[in-house]
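One chain, subunit A, links the two complexes that follow: it is found with subunit B in the first and with subunit C in the second.
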Partner chain A sequence: MSGRTLAGTAVKAGLLGGLAVVYVAAVGMIGSFVALNLIGEQVTMSRVLMALPAFLAGYLVARPRVQGGVVQRAATGVAVLAGTGAGVLTGAVTAAGLALAKVPSPDTVRGIFERVTPALFHTISFGQSVPTAALLLMLAGGALGGVGALLQMLPETYRRPINVALMCTLLMALLQRLIPTILIQLALKFGSASPREWSNWLYSSRFSGLTVIGSVVVFAASVAVALLWANQGPKLRARAGSLAGNRRPFVTGGAAVAILALLFVLPILSGSVVSLVLGTVGIFLLMGLGLNIVVGYAGLLDLGYVAFFAVGAYMMGVLTATGDSGSSLHPQLPFLVAIPLVMLAAAFTGVLIGAPVLRLRGDYLAIVTLGFGEIARVLAVSDLLKKYLGGPLGLYHIPQHFLGVGFNDPEKFFYLVTAFVLLALYVSWRLARSRIGRAWTAMREDEQVAEAMGISTVKYKLLAFSMGAAIGCLSGALFAVQIGSLEPLGFNIIVSITALAVIILGGMGSIPGVIVGALVLIGIPNLLDEFQAYRLLIYGGVLVGIMILRPQGLVPNTRRARELLEEEIEQDQWGKGTGGPSIDATVAVGGAGE
Partner chain B sequence: MSLLEVRGLSKRFGGLYALRELDLDVDEGEIVSVIGPNGAGKTTFFNVITGIYAPDGGRSTFDGHNLVGLKPNKITKLRMARTFQTVHLFPNMTVLENAMVGQHCRTRSGLLGAILQLPSTRAEEQRVREKARDALSFFGSRLVGYRFDQPASALSYANRRRLEIARALATEPKLLLLDEPTAGMNPRETEEMTHLIGRLRQERGLTVVVIEHDMRVVKGVSDRVIALDYGRKIAEGSYDDVAHDEQVIEAYLGRKAVTR
Partner chain C sequence: MILFVVIVVGVTYGTWKTLTLPEGSPRHLSGPAWRDLVVFGVAQGSVYGLIALGYTMVYGVLRMINFAHGEVFMCGAFASFFVAGTLDSSGFLNRNPVGSIVILILVGMLVSAGVAVLVERVAYRPLRNAPRLVPLITAIGASLFLQNSVRGFFGVQTQGYPDIDVLDGRWTILGIPILKAQVLMIAAAVVGMVGLTLFVARTRTGKSMRAVAEDKEIASLMGIDVDKVIVKTFAIGGMLAGVAGVLYALVFSVVHPLMGFVPGIKAFTAAVLGGIGSITGAALGGLILGILESVGPSLFLNGSHVPSPNQLRDVVAFTILVLVLIFRPGGILGAGGPEKV
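== the complex of A and B ==
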């Protein structure tokens, strides 16, 4: 890679990083997170938000890039220099933003960005005057950028564990409302005299984030586990694969029992608030699993997935409701009878929506499904169906008490949702490895050839739509049970986008990816109230960031990852006019399999 | 009755005839080559009889079934399989999976079987695997062993062409349509492919129609040669007859070549 392109990239990354800090500050995120301690008393979420752009700028500048079908890497020294430069620039832009915002009277800026407060200036400038702050910001930015570049230049064997550990530490710090509660509850169960001690070494009770010692322990432990997995993982997998046929069920069975036991004690230990959050995670996990079949397996981009969420919720509401629900229909079916009916209705809706769009591909399909999502919402509020769906008022008094259990209790609801999630996981997993899954993959890779090889694309597209709908609708049905009432305005495009963000973050077509996506995107913002206001901003950022930086997602499906890299190389070569694609560079793709 | 019967088949793109009133028969057990200059309508002929394009006129029957109006997947199920002029594999599926896709139309397990792992589904899946391995083993050691689990995109060019044929074989066809199977291959690979086309008939009892530009291959494999130009059949017969046909020489080299 020539020095000039590298310098150009560094300047671009630095400017973008700086703009990101200024933007995040202007919308108030930095100001809101001053009190959210992550590690010790100094590392707050605000500081992380300020540091991350510089670090990422450095990390990304040093990234090897594909040029003319060849993977190119800069020399370490040069890359670190470029990373440092990018970091300094990030700091400089931040400082420039700070200075600019101070030039007019503070009220002028506050008139536009109401969250630009004197306290924010204090945070960003470290309480110093503008020139000193600028110097500090640039120094810190340079250091972070340099470190980021250095990390990128480390060999894969070290880089991966460190990346994993950094993410784990951040995650643990963000779970500060969940893990201490669990630890204290555990201590109580074991009859400890001073239960707080169980969590105090890890999470401070004074400032609620990870303690310095705790963060070091978490980091070291995750590095160790990641290293061990990198070294031993393939061997372990091979050994598990070669286990004698009669011993294998015991191993998988043991693992299954352990996971079930964990899921059983989780709500007991973590309490109602967290159980409520986990229940919501479960709802979105179901939606993600359904959408994953349509988008991840069959490759049909559906932007109107909220339609199935709405069908599930309203069907559940109408079928189980008693007389005072706001609907003129109230067959008062028991829950277990209603569920299969809801799934059938959703599968039928899937076919109904799928049939007219059979001939559409890619962007066109996305736009039409977007329309279907809106139709669902409009129908829900319409006067036409007011008699049945309650119009703008929605439905209420949806029974939450059945099978002798009151599912308005978040802990009980967690079990209900978990049961359905496990079912959906099993079905997704089986389908992916079946003749049907193979047909979907073939169709996703090359629709015309799949048809020429004897796969009925009509049948398998409709099957994908209806299976996705049957699983996805469960999210709506359980949502109706969780809340007990339905408000039609909630069934908007944001739901579709959230579901899509969940599967994109984790990696399309990857079941572990959907789980990770739901936990991160739904769990964390719900656990930390500070995030709630910036939810959509975070989703947008995640979508853009993942699409550019790691299009295969965090826990990718290997096949999907290959497809994406191939497209990239092809595009690059097309741009250069060097003829057909060479896929020999695919070896460079990393990422764990499903 | 012939295995494949084509009568008066026409296909237009705008004002241009890609196929014009084409009559053609292929008998069971024959190896027929289709030749012609670029744009003569050879690939269009394949695309029309395999259902990718609908014809503008005429009819085609295969094994007693009318093909017009059938979707490509139905036609494959009737035991007609094809390869493509430019290789079209499922690049990110493994070699074995590519061949297993070929077995799709010969199997029937559905949703319930997949979810509940019914014994019949497991047995069928096992059978699909075996049939796919068998199809791949047609090419000796080239596509077997560790290659089973490699993504198709990792194969060399010639192996991708071979895998495409294996995938077609896995559909258990009676008639195999090969669209320029030796394009881009070196002379040694081309010779091997010539030999393979003969084996397709000997060992698997297939009828083969092959579009080919390399005249050595055409000479080496064909019982009969059909020459197309501007969508019309201009000559038909043994290799020697067609190769010395004036119209064919004219189509390839222009009028001057004939008069000189």
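== the complex of A and C ==
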């Protein structure tokens, strides 16, 4: 790689990094995360956000690049130099942003960007004057960029474990409200006299982040595990694969029992606040599993998924609520009778929505379903159905106490959700491997060919819509139980997009992916209040970022990944076949009218 | 098909019921009231038409729905809001209203065009040949991201847009009193559409846009820089959305981070209704949608015993969207007309 291109890349990375810091500052993240300690009292989330761009700039600048089919790797010294340069530039741009915001009078800028406060200036400038701060920012940026580049230059065997360990440490730091509680509860269960000591070495009770020692331990442990896995993993996997057929059920069965046991003790150990969060995760996990059938399996992008969530919630409310719920109907059915009725109604709604849009594909389908979702919301608020759905006031007094258990207790509710999630997981898993699942795959990959092979696309599309709806409505029904009342304004497009983000992050069509997506995107923002305000911003970023960097998701489904990447390979082959398939995939514009 | 018949019968019946309401009935609307609804609909439709142009152009060239277009519109409105605030406090706004309006519109255009180009560069260009679902998902992501960035930057609250005194009151045109700001809206829409039609038909850039819309590869073989043309398309669409954003903010006197979402979807409906890819179609679709959603709820539902029909305004718009996409996805002006941009 010639020196000039490297320098150019470094400048670009540095500028982008600096702009990224200015952006997170202006949008308010740095200001909001000042008190969120990750490691010790110095490494706060704000500092991490400020440091990350410089580090990544360095890391990415030093990345080997393919030029004319040849992998080009810069010499270590040069790469580190370039990384340092990019980092310094990041610091410089940050400092420039700081100066620019301070020069007019701070009030002018604050009149427009309301999060640009004196407190923010203090955080970014480390409490120093602008010139000193600029110097500090550039020095820190340079160091971080250099370290990033150095990490990139390490051989693969060391780089991977370090990357994994960095992520693990960050994750552990972010789970600071979950793990200490579990540790303390464990200590109590084991009859420890000073339960706090079980967690204090790892998480400080004073500033609530990881302690310095704790972070070192976590980091070292993750490096060790990752190294071990890199060495022994393939062997282990081979052994599991070669296990004699009659012993395999014991292994899988053992794993299943272990997971069930873990799920059973989790709410007991983690307390009611965390259980509440886990319950919400479960609700979105159900929704994600339902949407995954429609989007991931059948390849139909549904942006009105909230309609099914609303149907589930409202049906549950209307069917089970007592007389003073705000609805004039109150059959007061028991929960177990209501659930199948709700699912039937949702499946019917799925067919109702699916039937008219059968001929639409891709983006038109997305926008029509979005329209349906909005119609559902407007109808729920309107006076037209007020008699039944309570209008803008919504429904209340939805029973939370049935089967002899009070599900307003978050721990109990967690078990309820888990039961349904396990059921939905099993159904999804079996569906993917069934004749139906294969038909969906065929349809998703090429509708015309599937039709030619004798697959009734009408039938399977409707099946996807109704099955997705039946699972999605469960999330709504459980949501009604969890809250005990329904407020119609909550049923908006954001719910649909959240569910979409959940399945996109993990990977479309991948069941473990949905689980990961729900845990990360729903769990973390709900555990750390600081993230709540930026939840939607992060979802938007996830949707864009994942689609560009890793369209198959974090835990991809092999087949779906191949489909998504195949097209990328195709795009490199200029001049062949790019026009044909994309035109075929457009809506059949010509076939207007019945 | 059955659905279609049911809807036609329902709408006809509702209309007949409404029009035969007795004079004294509380839900009876007088002639002027209907006229005002129509005027409001036309003005609203102009905004939809202006935004729809952006959708139509991008769809024509890239075959994708630029979901973030509603946010482009919102960004233009926000940018002009801050400039208007500054102009207002310096007194320039009411001293030199025409100049200020021009400045505001220019600012809105520039910022919206910038945002549109940025979105294209970051979210769409890397995915030019990816499966069709993929850019749609990034578009949704970009829309959400922009919305919430603006929320983070400027706060969640609805902010009042400064009033421009000359725009208060009404002008009477052809015996019909119309709010001045609405006149401006309609005029801007007409200018925008005529200008765009001429631009696409007469200029070299317009020609290359048509070529790219027809076939990207052949266009690139003919020496057209496809990426550059796409950037220009986004920039022009963004400018028109910016104008629409500023005028929308002037008429409703508020800006809000979420203000782009619903007009965005409705403008898309307008584009589809008129026939996506067609400039005249966007204008026509905007007009029809604006009038239908303004008049429709009262016309179809006042006679029947539906409480508060105006709450169902959005239902009308979305029902139209769904119906058009199902029954006539090519739109009113038919499929694949010659002027595909």
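Definition applied: the second predicted complex is superposed on the first by the 497 of 594 C-alpha atoms of A that agree within 3 Å, B and C clash if a C-alpha of one lies under 4 Å from a C-alpha of the other, contacts with A are read in each partner's own complex, and residues count from 1 in each chain.
What we mean here is this: a contact is a pair of C-beta atoms (placed from the backbone, for glycine too) under 8 Å apart; a residue touches a chain by one contact, two chains touch by 3 or more.
Predicted model, so just to flag it, every value in this text is computed and none were measured.
For the composite obtained by overlaying on subunit A, subunit B and subunit C can both be accommodated side by side without a clash. Contacts of A:269 after superposition on the shared chain: neither subunit B nor subunit C is touched. Of the two partner chains, subunit B is the only one that A:441 touches; subunit C does not reach it.
When subunit B and subunit C are set side by side, the one touching more residues of subunit A is C.
Contacts of A:88 after superposition on the shared chain: neither subunit B nor subunit C is touched. Legend: residue contacts after superposition of the two complexes on their common chain; A:454 is shown touching subunit B, with no touch to subunit C.
Of the two partner chains, neither subunit B nor subunit C is touched by A:143.
Between subunit B and subunit C, the smallest C-alpha to C-alpha distance in the superposed model amounts to 13 Å. Subunit A residues 563, 586 lie at the interface with subunit B in one structure and with subunit C in the other. Across the interface of their complex, subunit C is touched by residues 23, 26-29, 111-115, 299, 301, 303, 356-357, 359-360, 362-364, 366-368, 370-372, 374-375, 378-379, 381-384, 386, 493, 497, 500-501, 504, 533-534, 536-537, 539-545, 547-548, 551, 563-564, 567-568, 570-571, 575, 578-579, 582, 585-594 of subunit A. Interface residues of subunit B facing subunit A in the complex, by the touch rule stated above, are 50, 52, 71-73, 76-77, 81-82, 84, 88-93, 97, 100-102, 104-105, 107, 109-111, 113-115, 117, 121, 124-125, 128, 151, 153-154, 167-168, 171.
Contact residues on subunit A toward subunit B in their complex (touch as defined above): 426-427, 430-431, 434-439, 441-442, 445-446, 448-458, 463, 467, 559-560, 562-563, 566, 583, 586.
Within the complex formed with subunit A, the subunit C residues making contact are 1, 3-4, 63-65, 82, 85, 122-123, 126-138, 140-149, 151-155, 215-217, 261, 265, 268-269, 272, 306-308, 311-312, 314-315, 318-319, 321-322, 325-330, 334-336.
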